[in-house]
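Here's the structure, in structure tokens; my notes come after.
First chain written, first letter: the chains are A, B, C, D and E, and each begins at residue 1.
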């Protein structure tokens, strides 16, 4: 049988990759997708736990996470459209009028 | 046999306030189609009525306690207390917006709907008995506010605020979610009471528990603007429309503290030994960052943003203190904070008019001469934020530091009061500019009945609570009694 | 005996009327002042006879300060010493008041002047009538205040106001000692009442000693020395005499008042008053005597070469005060007081007469611009002459008797007696010399008066000359109250004797022959001084002084510049210890260190804030990174907290 | 044990005294006209002064208890009560406060032309807060008033002050606030240590353990030492004084800085006697340093007000010296000296205000020779100068002497060194007077200086009268405070855990 | 054993495509790798007996959300090769920081204890049906909230992204 910790290790690694993506890529799309990576990492955890704990809550949680991700993506992409319309750029390091 | 309607009412009763808010939000969305652009104000007042109705409902449901809907929702005095704070935040937020939206030319019905939906999200956060509800309530609130922050579509700063808030918010909820998943994995449940029950019996040296807790600290810290998770705050506060900033500085932050209290003082109570240290450390850092950074700000919104970070720091002191008194002090504090901070933003909004941002502190020069009332209100709010008696801000801080000392965190209280003394400098600077500098040229204010109402309410509250805090204090203490 | 409270209160009323209503009364204000002082005089005479009749006048009006065991009454006492002082003060004061009517005529501060004079008299009367140390201190400081006001009367003159400030501040140095003495007296005796304190002197209360600067000192000595420090300030003794010569910046009647009747005599009076304490301490007595003797000589040397007529007299006052302390120091308390009395009359006379001279010369004070005035102002010359004879100690004028008694007592003092006597003798010689130098330079020789001034030389009005003549009469005759040698000839001494039972060293009159010899020697010395002065200065054009001045140029300039003590004090205390140090302390202590720290702290926080702003770069990813970093650090805490 | 004697007057006198000025301030909010605002404020302040009459007449100075007491539950959850009362110490300060407020309003009559109404509102609020500080018998209530007073004072300095007012106002505010917040912590700590009470009288009877005392005393000290101000926490004072308008300076010097010393008396000593004794040497040294240092600073000043401000530092050094002599003489002298300083320095600032209003300069060098033009003024200034110098028969002497006596009985060396301050005091004050009043008129602007008018004389007269009344009959003041001060000493002695180091009086020293 | 092999396969593809996703210059490529990743996560879900979720993962995540991304990427025309650097200049630090996080997390997790470490994996009774029942009974409120969230997303997207004719 697959040890539970394998799943968690996998998800932790995936989570980290997501974090690295968020921290290093300039393209806002990639950043958003990296965040999806983080969510997916959590999802893997939830499903794995759900399976090992014999509890459905984890799976339910995942459904909601996916829903939220969808809504978030919609809003995020709308804002990106605005930004690219107003600024002509999708690179996050160009969005720094406000600082200090 | 009760009628279907009665059955429905009976079943929806525990979430009646939330339902009312949501219903009004939906109605606002629908009416939006029929109200012409000039008269969108009506939608604002309609939304305000919704808040009042929900408050009335909450008032009537005050006796209804317990877990509902498959133990996902908790009704208790604690959540009710916070709901009232949210009503204040939302109600004031709407009142502040009504005229402001016209000035900014973002006069749209969706605005009020989103504000109401955000409020319902906060309410769900406060009464969440399950991590899932907590997560969803938080996302509902956050998502609404991302949109509100970016609602000035052609304004670069508003766009930027929205994207920064959204990306960082999503990043933090990613962390939170991961933390929650770990917590679920360890305890096998997402129900807060069951988590508490599990942890009481569990081996707390398990590093994964610590990891999960830390991740929750990070994401909740993000919501309440605790350093070092605060960095979005100044930019977002500055970029967002001022009315949204006002709402944002009160609502989500208070909601953040609601879940902070619920999760850390209740569900994760067995981990207090660790969480106290972490929260105390965050409190110090937050107070330091907020107060020190505020010193050199020239934009009043940014200044208030840092000030709100600092205030989160004080509230964290109360959280670190823990126990019924610590919790009550946080509750009292955030309530008072919401009032005075929204009042201050109200004055900021007054200065905003077409063609002039009125956001620089220098713009306030001579306000004490040109508009005595506005200046006087700002004076009261600034002194209250500083924590000078006999204004409400003092009572809040007093309770916080009292709880900290009671919990033996004297050093934390000392750090707190010292930073609070430093904070006097930047609050005084506003007063100084208003009263002690000559006005550049005539400042005209955009005053409206709604704004006047909001300011009158908050200034009265700030003074009355300052002089006679007994009732509010007792209410806060009673609200936490029996839960912790 | 409540009526005697009016002795000070009448002049005070005069002060109030002249002060408050002077604006409306103009020169009429003087009458109220004079009436007040004369009233006081009459009461003083009354009191004198009461005392003579054996009455002990002691009265407490009310409890002034009362805290726990500390209790001081507001009250007065009149004993022999007081009654003598009362007479001296009120007489002199009355005459000076009257004289001033003429002298100050036309001055724009006329009413103010009389108000101050009356206030001065009031405080002096309070001082002498006090029945405890603290009430005495009221008068003590009060006369200081008045001297400040009167010396600086012509306040538009910087030198005048400077002199006023100097007088007060130097006096304060003395008061420092007085206050400490009072504190120590209270600590030792538990009371400040004179009679109670003096009654306890010598009891076990005074057995304690203090360790001071490595030495051991008995409490009585300490008290006495501290009191004497006060006296040196008030009575212009070394080293605190510096204010007195400057005090002649005030109008001449003021100088007369200060130098003769009030203020400077306060120190002498106080030491005499505290005779029971002083007598208990040999150290203190010797200190008093030596300081007195040294001052007598020291001031006389300066007097030798001064050219300002009032300045010469001023230094003579210091010198004479030295004699008084010399007398007190050797235990001849009544002799000291006697000299105080005679000195009051002849010094008052001299000052007022010099005022008359100055008045005649339209304000000229420099003796080098005088000469040959004898014929022009005859009355003034005559009284001046009497005063000078009295001062020089030429019999039968008053000064002779009192000074001689002091010298004789000094001679009889154990151990240091001869030394003290020689100091006194040297002083006496120089006194005679400079006194007659003054006479010759002023009234004899060739006229060096400016031509313009010369036309206006005139005798003073009657209102000035009559007081002069009265004073002259006393200066000539009052000495007979203290006849030496003759049995019961010393009425004065016998009157005061009950107060000074401790005066062990008081000169005995048993050795009459020796006393007469000593008398002859001292008269010879005085005459010698006179002769030398006449040899030097009784010429149309004196040559010798200039030659000697050339020959001993260094000493001459040193004397002319008053040993440069003023400059030294100025350098060390005023400039150095006060102004320079104050500036340094201010710029370093307050500005650099304290405010530097505070402002530096504020600036540091401000800089932190400015630097912190740079951390808030506006880059979204940096914000996210900070969050991540926070997470990592918090998670890392696990290893700390575990 | 101290009790709170309830008020039996039939009307709440002390509450009235706190809230009458507040009522006046509210009334002023509806008055637009500057002249009317002045009269209203004056009327209220005089009415407040009038209230002192029943206060003083009905006060029983033979008992040490708190009188005219009122006590209501305020914040029950924290056991906070609205509890007020006066004893022989605080009653004097209340009276002084009301008097100086009237005078402040009178001197501001023409000096304040800008925003008169707001000025008067601030002044009345200030008065209310100060009276509140002196009558509070609940630590929380006390702290409320203590801090509340910062607001009007900040505004008085900042809005109506001199050219550098912003710096001065902020410095004043921050300095005081930093000290105060530390005290707040200590207050809360005391609350818990003494069994959840803020009741001053109850805390007085509670014995704290020594370690706690040491720390809590230090925290209270922080607040009070800044307020007094003691060396080296004094640098806010010169700035604040210099920039404040005349009325502000009068209140600041006259009353505000007394609150620090009052705090020592009311709280530090009875709460923490062991710590007070342990800290005494340090405080005595600081006091002596303040006396000399303040005097030296005064010598270096070229600004009229700054000089007086530094003289305040010096004089307040005497006050703390007296208080921490911890004997009857020192304590009573210290209290009296506070009143004296209130009168004298208040009058000095009044004098500066009068002349500043005419010349608009505070530089000493711009004056000189004005005695010839303004004799009444010169006389007034002279009297106050000598009161400040401590001439016997004026109030200043009584205070300084009794303090020196107390200090001398405590430890001689302090008194000896402090006495040097008397010399320096005469020096800088007379030098000041000389530079201002004497000499020839050097500044042509002063040629046509107008003398004090009737209003100004009327404002000055009560102060001059007090100078001599206290100077000649100080028992009027001592009599009121005797019982309370003796009781304070007894209380401290009774609470001392180590051997009683506080001498009741001379009994132990003299009675051998 | 087969399961373990399958897991290893899924895991390695997931990680590889994740790394590729965040490193590709062209966002369209990234989206493609994301797609690959989602498929393999779905595979993992199957492995964990969560077939329904696997389907949701594919339909909603891959089918809807990812397509939305792709759509916007195309819309904004940012898919072409750009000379601009794809990562900020701190990316090596960030990568190192990632290693740090991963190290820390893995360390804690490896030391951590879970209630069920190697428990027998068995099939949950009811599967989709059970899931549905739980969702609509116990988790009714969250479900309603989710609907509100979607509504907010909808309103927000429409309001923000729509181009008002009058506005321009």
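As a working rule, a contact is a pair of C-beta atoms (placed from the backbone, for glycine too) under 8 Å apart; a residue touches a chain by one contact, two chains touch by 3 or more.
These numbers were taken from a predicted model, which means no experiment stands behind them.
Between subunit A and subunit C, the least number of touch steps comes to 1. Shared contact partners of subunit C and subunit D, listed by label: B. Ranked by separation of Cα centres from subunit D, the top chain is E. Looking at which two chains touch through the most C-beta pairs, you get A-E. Taking the mean of each chain's C-alpha atoms, the chain closest to the overall C-alpha centroid is D.
With respect to subunit C, maximal separation of chain centres occurs for E (centres as means of Cα atoms). Here the spacing of subunit B and subunit E, counted between their Cα centres, is 31 Å. Rounded to a whole number, the gap between the C-alpha centres of subunit D and subunit E is 70 angstrom.
With centres set at the average Cα position, the gap from subunit B to subunit C is 78 Å. One inter-chain figure worth recording: subunit B and subunit D are separated by 43 Å, centre to centre, where each centre is the mean of the chain's CA atoms. Residue positions of subunit D touching 2 or more other chains: 174. The set of subunit B residues touching two or more other chains comprises 132, 136, 139, 143, 146-147, 150, 153-154, 163-164, 167, 171, 175, 185, 188, 207, 210-211, 234-235, 422, 425.
Among the residues of subunit A, those touching two or more other chains are numbered 4, 8, 15, 18-19, 22-24, 31-32, 43, 48-49, 53, 57, 60, 64, 68, 71-72, 75, 79-80, 82, 92-93, 95-100.
Touching chain pairs in this entry, ordered by label, are A-B, A-C, A-E, B-C, B-D, B-E, C-D, C-E. For subunit B in complex with subunit E, the touching residues are 15, 22, 29, 69-73, 108, 110, 113-114, 117, 120-121, 124, 130, 132-133, 136-137, 139-140, 143-144, 146-147, 150-151, 153-154, 185-188, 203, 206-211. Subunit A contributes residues 19, 22-24, 31, 92-93, 95-100 to its touches with subunit C in the complex.
Within the complex, the subunit E residues that touch subunit A are 3-4, 7, 11, 14-15, 18-19, 21-22, 24, 27, 30-31, 34, 37-38, 41, 44-45, 47-50, 52-53, 56-57, 60-61, 64-65, 68-69, 72-73, 75-76, 78, 84-88, 90-91, 94-95, 97-99, 101-102, 105-106, 109-110, 114-122, 124, 130-131, 134-135, 139, 142, 146, 149-150, 152-154, 156-161.
Across the complex, subunit E meets subunit B through its residues 105, 107-109, 111-115, 137-142, 145-146, 148-149, 151-153, 155-156, 159-160, 167. Note for the complex: subunit A touches subunit B at residues 4, 8, 11, 15, 18, 22, 28, 31-32, 35, 38-39, 41-43, 45-46, 48-49, 53, 55, 57-58, 60-61, 64-65, 68, 71-72, 75-76, 79-80, 82-83, 86-87, 92, 95-100.
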